[in-house]
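Got some structures for you, see below.
In what follows, chain A forms one complex with chain B and a second complex with chain C.
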Partner chain A sequence: MNSGRRNANAGNPNAGNANARIGYIAFNTFREAVRDRVLYNLIAFALLLSGASILVGEISIDVERLVVVNLGLTAVSLFGVVIAIFIGIGLVSKEIDKRTLYTVLSRPVRRWEFVVGKFFGLTGTLVVNTVLMAIGVLLALLYVAHRFEKMDAWVLVALYFIVLQFLIVCALALFFSSFSTPLMSAVFTFALFVIGSLAEDLRGFARITQGVGGWIATAVAYLVPNFSALNVISQVAHGDAVPGRLILYNTLYALLYSAMAISGAVLIFQRRDLK
Partner chain B sequence: MAAIEILDLEKSYLVGFWRKRPKLALRSLRLTIEEGEVFGFLGPNGAGKTTTLKLLMGLVFPTAGSARILGLDMDDPRVKSQIGFLPEQPYFYDHLTARELLNYYGQLSGVPAKGRAARVEQMLARVGLSDSAGMQLRKFSKGMLQRLGLAQAILHDPKLVFLDEPMSGLDPMGRREVRDMIQELRHEGKTVFFSTHILSDAEALCDRVGIIHQGELRGVGAVAEVTSQKQGKVEIVFCAQAVPAGLTSLGAEARVSGDMVNAVLPEEQQDAALEVLRRERLKLISLTPVRRSLEEYYIQKLRPTEGQREREEDRKGVGA
Partner chain C sequence: MTATRRANLVAAAALVFSMAGAIATLHAIDHTRRASAAQEALYVRSSKVLRRMSLGYTGLLADIYWTRAVQYFGERHHHGSRDFRLLAPLLEVTTELDPRLLPAYQFGANFLAPKPPNGAGLPGSALFLMKYGIEHNPGQWRLYYNLGFLYYTEFKDYAKAADAFAQGAKLPVTNEYMPILAARMAQHAGEFDTARMLWRMTYESTKDPQIRDNAVQHLLALQVDEDVTRLEQVVEKYREQTGRLPASMGDLERAGFIHGTPADPKGRPYKLMPDGRIEVQDPESIFFITKGLPPGAAPPQPLHQIEPESR
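Right after this comes the complex of A and B.
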């Protein structure tokens, strides 16, 4: 190397900007996920399930569309959640365990940039996966119905809500993995997903409960992510419309909830010793 | 300006499951490394070398104290663009190829897009990995990963390079290559701070060494100074098949190997010993003063000091 050459970063004390670094980390996370064979197995499985819905649809006289939409979207949602948890829990802990984080954080990368970059990378991966799986569902739908109808547009809204669910699941997985082991993070995230899917029932229970129990039930019901509001699969399977207001509220809710979980992950990770 | 100024840096971890208690990993470290210096941080495994490097890299947070790197506080984000770091037994994203990895690190280090690709190729060539540039890292051997680790540490042309056990696990050829690279960095005017427990490497490369043991800095010295100290003894090598009786009576410790005898004896007996060789008509090969080796310095510094013994006794006393 030429000894007289100027320092590659001379005159560039901040060495790039935070947005660019977040983008680079997100892209690397996406690339890592895309090159993971396990991911393809899961997608293949989900597509297989969508295909199987055709079979079930064909033996369900007059309700083919209902069965295909219901089964297909449920497969997209469940497999997406599994992928979100599976990858999300390892995002930070794997980097610590394998010490790949050392060579990243010894560069001009702030810890919050790393966490946010990881989140965007995983979210991007899930959006691409969802698009792939959604194509499978729509093809299955086309196969049984022979054409698309106007009400099929609501299937896209249901898919959008599924992506919003993934956003929250990713953020939660990242949050738990910022202080816990991968196994415990998976357990916590999945438990919250299950409880959150029953959030409306919990809120109903809280409304009829009195005293301290009522207070606790209300607090828990509103603290857990409301995944049930993001689940309109059954509604769109029946061809019912989704109100525009719900789309707006759900979007704001998912963004806010994810932002809070990511902020929590950042706050914990900022103070964590990487032993 | 000092490249690194460590000011009473201290680190303790909480250990134990139920009753957490602090365990000191690094005791009030105070150390200054000058610019352009190659500094070896020596100590046995678990001595506190990696903890020190992690503290300086901001990977763990100090319990007390601070440090300045290149005149800036170690927490200052501007520091990171001017330093390079090779962790011990580096592990990289194994889904990436060597070229992709260096490009990614170049992006994170703020190496301008224009010229980044050329810089990456230059680094790959420098560490002899041009032929493997397109291979995924999961197929890399340990030695190749170590070389790639060095490449990523110097990719952005840092002023200061931290290397944690850079020769660890390498074969003799690999060690030689790493040594050559550190020498090159020295000639380029870089400051190199590297930890090792391989003393011959430190002796060959370092301007100064610091010895750390049980989290405590036991000594700092210039290698040339440490190894030039005479021991009050001379080593005489001569041709013979047995040790002459006259030499043994002078208190020489002699060893015969083939047709050569290697004898070490007090400096004041040097003339008398030469007289014995002359008398016996034995051919003298060499006569050199015995100097202290870095190993001896290291061993000496590793022995517990009075203060440490007292602390240990106090600890036992409290424990009892």
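Right after this comes the complex of A and C.
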């Protein structure tokens, strides 16, 4: 990575604006991610899947809209998660391997600024990706239904929840990559994604478990990310409304959980011996 | 304080604050999405589709659906709901994903058939579930027991109940009471004893606290029904002998018909009414009773007997 060089105010580590430095790191992270060919491939795959949904929609009489929304949003979610994990886990290790991290940190860039900047860069990348994929889904929806209906507004809410999901996945990938190898970070993040997708069932299991096991299960159930509340794909595919309160709580939850993971990543990265 | 130390402190504080905030928000989300897991689960009702989606992990998926079924019923029952429309499809999906998940059949036999608020009021669905269970688990006597139980309690079909118990009694691994139940069904004999035996077997053959609690409530109600029937017979005998109704339980005791003051299973003495009927002191304290109630009163139902949070 080449970030920070042009922005650096050599000599005084407190010089310059932290926000500007974070912004610069975020922008460079975004630029590098967009240059990545794998990223383009994944977008192409997502668009392809949305296209496939049109074909499936045509052979699924009377449920075209349902199939397109289900397939399209699921593709957006899964491809986004894959992108988040595979870019997120390499954000720190790649910088160490290329030795560009030392250059960045020798400039007046603090470690926490580096971590936060990376997070915003990756999140920005995913937001752009999601917008592109969402356009594909909406076009597919328009193709099969010929017009948008009022209930299609809930599809936008589902897409917003998917972005919130990415926020948490990015933060987790960055958290694990702050102390682990890329492979292990990918495994940990993906495992948490799967467990988190069943979070409500996990809390159900915890509720019916008694004794010490119950306490441990409850603690685990509340610590793993709750991706199930962020998944309203089936609900909006059936045209069901999403309560406004849920939108508010999910937003708060995603921000707080991401802040928690990023804070953890900062604490670990601050202490990490990079020599 | 150095910049690094300050950054560490801020990060640690942010970690604690955001963790507490996330957990609190999760509580609020759970409250907003009460029972939504079950509802969402049933956007996909086809077990064939679910089998494909599970990538072969059907056992795990069945366990998840089973947990959802228990929570769905428990939470709705706890809140006094009379609408359990998702219970049948949840149990059907569960057992289609794992036809050998025996507790699901037992749960279905106990809570699908009874009328709301004690069940979904779908005896037909319960019967279908039991037959499906027997088809896939022909060696399990409990399923024949559940089938006979259903025929007896919900359909009052003694012949079919006797047949189900008899079939279960023939299995290599069975329960000693199965042939007795089959015989009793065939004779229609001893209603109270038969019902008591059924509920006792239900209690003993499961570890599910909801089913056990339900069985205990029915056993207590049976005790009251039997006591009231017996006491009213005694009152009638007294009237035949003396030409008048007893004024109190003491009259019956002095005449040698009873010993001591008869009391319900909760220890409250039964009341002798001026018209010779017997009533319980607190009709709301014993659920499912059909006798000993004030005229026109409906049998009390246990709206809040299940506490899923404490299980």
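Note that the second predicted complex is superposed on the first by the 261 of 275 C-alpha atoms of A that agree within 3 Å, B and C clash if a C-alpha of one lies under 4 Å from a C-alpha of the other, contacts with A are read in each partner's own complex, and residues count from 1 in each chain.
The rule is simple: a contact is a pair of C-beta atoms (placed from the backbone, for glycine too) under 8 Å apart; a residue touches a chain by one contact, two chains touch by 3 or more.
What you see is a predicted model, and the numbers here were worked out from it, not measured in a lab.
Trainee: Tell me which partner A:T100 touches in the superposition: chain B (first), chain C (second), both or neither.
Mentor: A:T100 contacts chain B only, not chain C.
Trainee: Once the structures are superposed on A, label A:P108 by its partner contacts, choosing first (chain B), second (chain C), both or neither.
Mentor: The first partner, chain B, only.
Trainee: What is the contact status of A:T218 with respect to chain B (first) and chain C (second): first, second, both, or neither?
Mentor: After superposition on chain A, A:T218 lies in contact with neither partner.
Trainee: Under the stated touch criterion, which partner chain does A:S180 make contact with: chain B (first), chain C (second), both, or neither?
Mentor: neither
Trainee: Figure out whether A:A237 sits in contact with chain B (first) or chain C (second), or with both, or with neither.
Mentor: second
Trainee: Can A:R21 be said to touch chain B (first), chain C (second), both, or neither?
Mentor: first
Trainee: May I ask you to decide whether A:D36 touches chain B, chain C, both, or neither, giving the answer as first, second, both or neither?
Mentor: After superposition on chain A, A:D36 lies in contact with chain B alone.
Trainee: Indicate the residue numbers of chain A shared between its chain B interface and its chain C interface, in ascending order.
Mentor: 13-14, 110
Trainee: Can you list the residues on chain B that touch chain A in the complex?
Mentor: Chain B reaches chain A through residues 13, 54, 57-61, 77-78, 80-85, 87, 89-93, 95-96, 100, 104-105, 107-112, 119, 122, 126, 149, 152, 154-159, 162, 184, 187-189.
Trainee: Within their complex, state which residues of chain A touch chain C.
Mentor: 13-14, 110-112, 198, 200-201, 203-205, 207-208, 210, 222, 226, 228-229, 234-235, 237-238, 243, 245-246, 249-250, 252-253, 256-257, 259-260, 263-264, 266-267, 270
Trainee: Which chain C residues qualify as touching chain A in the complex?
Mentor: Residues of chain C touching chain A: 3-4, 7-8, 11-12, 14-15, 18-19, 21-23, 25-26, 28-30, 32-33, 36-37, 40, 43-44, 64, 67-68, 70-71, 308-309, 311.
Trainee: Using the touch rule from the top, collect the residues of chain A that touch chain B in their complex.
Mentor: Interface residues on the chain A side: 1, 3, 5-9, 12-16, 20-21, 24-25, 28, 31-32, 35-36, 98-110, 271, 273-275.
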